[in-house]
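Encoded as structure tokens, the structure appears first; notes follow it.
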Amino acid sequence: MRQASTTLTIESRGKGLTDFTRDVVAWVREQRLEEGLLTLFCRHTSASLLIQENAAPEVRTDLADYFERIAPEGDHYAHDDEGPDDMPAHLRAALTQTHLAIPLFDGRLVLGTWQGIYLFEHRRRPHRRTIAMHLIGE
Amino acid sequence: MRQASTTLTIESRGKGLTDFTRDVVAWVREQRLEEGLLTLFCRHTSASLLIQENAAPEVRTDLADYFERIAPEGDHYAHDDEGPDDMPAHLRAALTQTHLAIPLFDGRLVLGTWQGIYLFEHRRRPHRRTIAMHLIGE
Amino acid sequence: MRQASTTLTIESRGKGLTDFTRDVVAWVREQRLEEGLLTLFCRHTSASLLIQENAAPEVRTDLADYFERIAPEGDHYAHDDEGPDDMPAHLRAALTQTHLAIPLFDGRLVLGTWQGIYLFEHRRRPHRRTIAMHLIGE
């Protein structure tokens, strides 16, 4: 059994979903494991991770719109140190995932055909986000 | 240290929760590990996974009703390729889990007395869903 | 490769977030691993886990208030065996996490500077909650 670790840097362009499936798949392939478990961990509380449909781009728009409605910006939060998008960012992170785990079978992640791995940026401004990746298996 | 992997197929009956704890527990027991980590991964973006209370059936009804309200069907989505239940299915998946991880102590999953493992189907029609299972330990 | 497991008991003081990062970090350090994966699992369906910002206490208040609004107590649930905070507790658990996974690099959890590990109690009364911890690596 062995393990491998790395950190991925993703430059978000402000609010919305960034597909980074390709980067994950490429790194996993380099490790040459046949069977195992991949874990992704987002080192931030105002961005999060999501596995979502990778075909229709409207899904990403609808998703972003939805979280804008369900955890709206506004003046009703006690915490607004970094502006009106600060607290809603934490709420949206709480409603989605800080980490993801994906098994590896036959040398490939078991992602379904329509599944992509996304960084969900919750702040208005672009941010540099770091994702820790850990793989264990053989 | 060793690992084991398999794929479970679950036939959903349309929207709602299907308890498949028994299938998971049976497979884990067959692997005869004492200590380890189980990961379940749902290979779909319109169904998801949930650990929830397994005693009162009303909990499942209330849960389904709640997600019907909080991410309702409607004509306000850009994405509706597969009908009005398409986009809400993605939202409900985003709000719950694509994967679950459960440690194994003394040969048993550490599930609490009232915890069951559920597939949460978000589409109206019945679907055949596949769940990847990975176990590592010794 | 080796693994270690333990159970942590946390006394909640009723609804709200309890930071237990310190307990987790202390236990992980004692295991003296350099690289690996930590998994935390909450053995309850009316409490959950969350990684959130650990600096401003207002974030915890806003978070608690938000979940009070988005999954409110009320008389519109079929399930109320244990009172009006029973079903909302399950909903809030479904919207957050039953488990968390955090990789370990260079002998330390990869938590970001502002990330803390929280137990999110959803019941009004104080409860004794148990969290299973599993660590694998070397």
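Worth a mention:
First chain written, first letter: the chains are A, B and C, and each begins at residue 1.
Basically, a residue touches a chain if its C-beta (ideal position, glycine included) is under 8 Å from a C-beta of that chain, and two chains touch if they have at least 3 such contacts.
Bear in mind that the values here come from a model prediction, so they are computed numbers and not experimental data.
Two copies of one sequence, chain A and chain C, touch each other mainly through non-matching residues, since under half of the numbers at the interface are common to both.
Fitting chain A to chain B on Cα positions gives a rotation angle of 120°, stated in steps of 5. Note on chain placement: the centre of chain A and the centre of chain C lie 20 Å apart, centres being C-alpha means. Of all residues in chain C, those touching 2 or more other chains are 1, 37, 70, 95, 97, 101, 136, listed in ascending order.
Across the complex, chain A meets chain C through its residues 1-3, 5, 7, 37, 39, 41, 43-46, 70-71, 77-79, 81, 87, 90-91, 93-95, 97-99, 101, 130, 132-134, 136.
Chain B contributes residues 1, 35-37, 50-53, 56, 58-59, 61-63, 66, 70, 95-97, 100-105, 110-112, 114-115, 136-138 to its touches with chain C in the complex.
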